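Shared between the two complexes below is subunit A, which has subunit B as its partner in the first and subunit C in the second.
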Partner chain A sequence: MTYTAQKTVRVGLEQGLHMVPCSLIVRTAERFSCEIQIQKEDRSADAKTMLDLLTLSAENGSVLVLEARGAEAGEAVKALARLFESNFDDPASGSQPATGSDR
Partner chain B sequence: MQIKRGIAVSPGVVTGEVVVLGTEDFRIPQRFVSIDAVETELGRFRSTLDAVWEEIEENERLAREQLGDQFGAIFGAHLQMARDPKLIAEIESLISEKSLSPEYASSRVLRRFARDLQNLGNQYHAERAVDIFDLEKRILRHLLGERREELLHLRAPVIVLAHNLTPSETAGLDREFVMGFATEVGGHTSHTAILAGALEIPAVVGLGHFLSDVSGGEMVIIDGNHGEVILEPDDETLAKYRDLEERVHSVTERLASLKTLPAETIDGESITLLGNIEFPEEAEVCRERGAKGIGLYRTEFLYLERNQIPSEEDHYEAYRKVIAAAPDHPVTIRTLDVGADKVPETIGELAPDVVNPQLGLRSVRLSLHNIPLFKTQLRAILRAAVDGDVRVMFPLVSNLMELRQARMILGDVIDDLEEQQVPFRRDVQVGIMVEVPAAVMLAEEFAQEVDFFSIGTNDLIQYTLAVDRADPSVANLYRSGDPSILRLIRNVVSAAAKHDVAVTVCGQMSSDPVFISLLIGMGIRQFSSTPHAIPEIKEVIRNLTIESAEQIAAHALTLDLARDVENYLRGELHRICPDLVL
Partner chain C sequence: MRLTEFVVPDSIVTDLDASTKAEAIRGMVESLSSAGRIPAEDSDVIISAILKREELGSTGIGNGVAVPHTKHAAVDQLTATVALSTRGVDFASLDGEAVHILFLLISPPDLPGDHLRGLESISRHLRNPNFCNFLRQAQTSTEVVELLEEADNNQLD
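Then we have the complex of A and B:
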């Protein structure tokens, strides 16, 4: 059975989704086996590939849809959404497990 | 026969067989590989990726430790880019399905991504293309780097021709087999050039595009005196140069006999000759050449050599080696002087968005910006000073505040060492490089706060004449004999004399016999030169009187063109020491 999870987030970064946040997304996404896509209007990017994410060109204020399919899809979307909600504020947080307890 | 003209950076003449090094940048040796080589090539690509990842991880770790998390995160992002599964899959499929070489496949895929980013029409993303080019370079460097290891397996004497040699490659040249080298790019005072001088092999740089005409194995002559490279010389030319080679050799032999004689003018004025070094091992060479100490120890090679930031012990050990090789003589250690043309991998990448590196965060500015890094070096200097007459010198000081801050940090280091009861010496002399015109303007003020000045002519010329010495289109404007430079030196000498501060001239000008009489005539009594120039300089000094030097200086100061000054001085040198003008 394929399980799908979805969540809408907004980019709150002055420079948009630039290199460092993209790399944090990849780091987080890589911890999950499910397929994760990030959509912006008609474009879609694989959350596990840095170059794809960069070409999304998500500027400050863009609305993105996070969508995961497969094992732990819900956890994956939650973990990624948390990055956006915290505005990727702590660069070190990307290397820590984000799959812990929900707030 | 083909004659190419470039910039002479290390004297001597040599004839031999050519080895061409693959160009580092974007000349990709082959586009296709044979079908049965695909597996090996895939393997080569994967091990390259491993090495690239490891290198970026190491950069990331260093950046986090030394500069903080936000710098480390930049490399974290680079690493994610280099690990991008889509990217790797695309490159691998080009190698396995289209039999493209890993070099060509990587370059093609990365450039396509870069173009995609540039086409997004957003400034930020367009700029990110640079990060992708950086990754391309890294991958190519590792792929092609394997080929460069050919240099390590030389069995017979050769002459190396390359698009470019990095300082570390130059330093690594096997002196037993590499008799000379020539490169397409580079300028007078690039570090590669300085190193060639230190290695004492003839070298010519800045030849422009010529490697496409050379396949390797041809006969070539490198004329490091005139900056010429002669490809496939005819018999007559070959005979002429073989003869010249002999003559250069005999002059060198004669000069070597000066070693034990004092550096004194005819009328008995003693001049102090010191050596410039990059590596501790060179201190020994300086002594062999008769230097009375080290006037400039360029410590940035500690950073360049190993591609990582050296520890206090690394510094300490290197300094002790130098002190041991210069017993009873002064050793002036210049703190980190990282500049645009000598940026070590790690440190250079830590300051990512440099607009103009020559005017940016470099030298003492970089040290004051990275106090832990600075303190590590100062601790090692003060500890090593227990064993000798060590002096510390700050580079690129452009205002009094920088000097005071640097001295304050030195004071903190003294307090720390005292508290920790580590043996050290507290009364080391402190000086500055005078290499920014602002420091010359304020020479009187600086003279009241330092023990010595060292005039760094290379940078002083560059900043005064506003010439980037590495840019071939303006390199001809970079002239040591420019009247403005002579006046600046005169001002420094007079400010120093007023406050009884010692002045040394280091840099290329003090290694060129042409300028020695002028500088002595202007009041300079200490030179710090590349070791191989010391015998020549001593020869000039021993054939000079102070009075004649003063006359030469007085006349040179009346001339208003660099060309006239240099021609006049060359003529005078010819009169004083005809042997030295070849």
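Then we have the complex of A and C:
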């Protein structure tokens, strides 16, 4: 039996989905064995591949669809959605309180 | 965005003399400065900013490729150079492999969209094994520019 899960998220980063948030996506996606795609309009990227993610060119406000297929698909989509919902803990986004970290 | 719109031909280095990340970044920034695209007095600040960005996570994204970058007001448009290293540079890459192809990007601070489109263009072409293989074999900056043009025209697919 194949499990699938899907969720729509919005990029809330002033600088868009640049390399730092992309590497967080890769790191999170790699914790799961299922296949995970991120779609922006007609483009689709493998969430575990940096070069793929960078081709999304997702600016602030872009709407993306997270889609996982396989074991723990639901958990994988939830974990990735959490990154977007917390704005990748980016202090510069202004929507998160300072965490005390100097990054 | 086309690669030839933002890669500065006169700054391309085909035999990068560097074995460390810091040496590679310095060599590439100084090459952009020699080509007249960034003021010499800004070089050190730009080099420091790029190295600081590397501390957040290596831009060595695997497959022998690195894309070090920063934002700086010394440029008013997306500005990049390409360097090739035969022996490879230790870039603390995600896959642990040495880096042979480097794209260094400097973006104006107020144009995040252009930065993303530049990264999109570079990564889209680097996914093409033909582009990477030909690039690694290029001996002169003229050959690199020709490859960038062929990639822009989708002639390498």
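Simple rule for what comes next: the second predicted complex is superposed on the first by the 89 of 103 C-alpha atoms of A that agree within 3 Å, B and C clash if a C-alpha of one lies under 4 Å from a C-alpha of the other, contacts with A are read in each partner's own complex, and residues count from 1 in each chain.
The rule we apply is simple: contacts are C-beta pairs under 8 Å (C-beta built on N, C-alpha and C of every residue); 3 or more make two chains touch, one makes a residue touch a chain.
Predicted model, so just to flag it, every value in this text is computed and none were measured.
Once chain A of one complex is fitted onto chain A of the other, the partner contacts of A:V65 are absent, as it touches neither subunit B nor subunit C. In the superposition on chain A, A:A81 makes contact with neither subunit B nor subunit C. In the superposed model, A:D46 lies in contact with subunit B only, and not with subunit C. Shared-chain residue A:Q15: touches subunit B and subunit C both. When both complexes are aligned on chain A by C-alpha atoms, subunit A residues 15-16, 18-20, 23, 26, 50-52, 54-55, 57, 59 touch subunit B in the first and subunit C in the second. By the touch criterion stated above, subunit A contacts subunit B in their complex at residues 15-16, 18-20, 22-24, 26-27, 46, 48-52, 54-55, 57, 59, 91-92, 94. Residue ranges on subunit A touching subunit C, taken from their complex, read 14-20, 23, 26, 50-52, 54-60, 103.
Those residues of subunit C that touch subunit A in the shared complex are 56-57, 59, 61-63, 65, 67, 69, 94, 112-113, 115-117, 119-120, 122-124, 126-127. Residues 69-70, 72-74, 76-77, 79-81, 83-87, 113, 116-117, 120, 122, 124-125, 128, 131-132 of subunit B touch subunit A in their complex.
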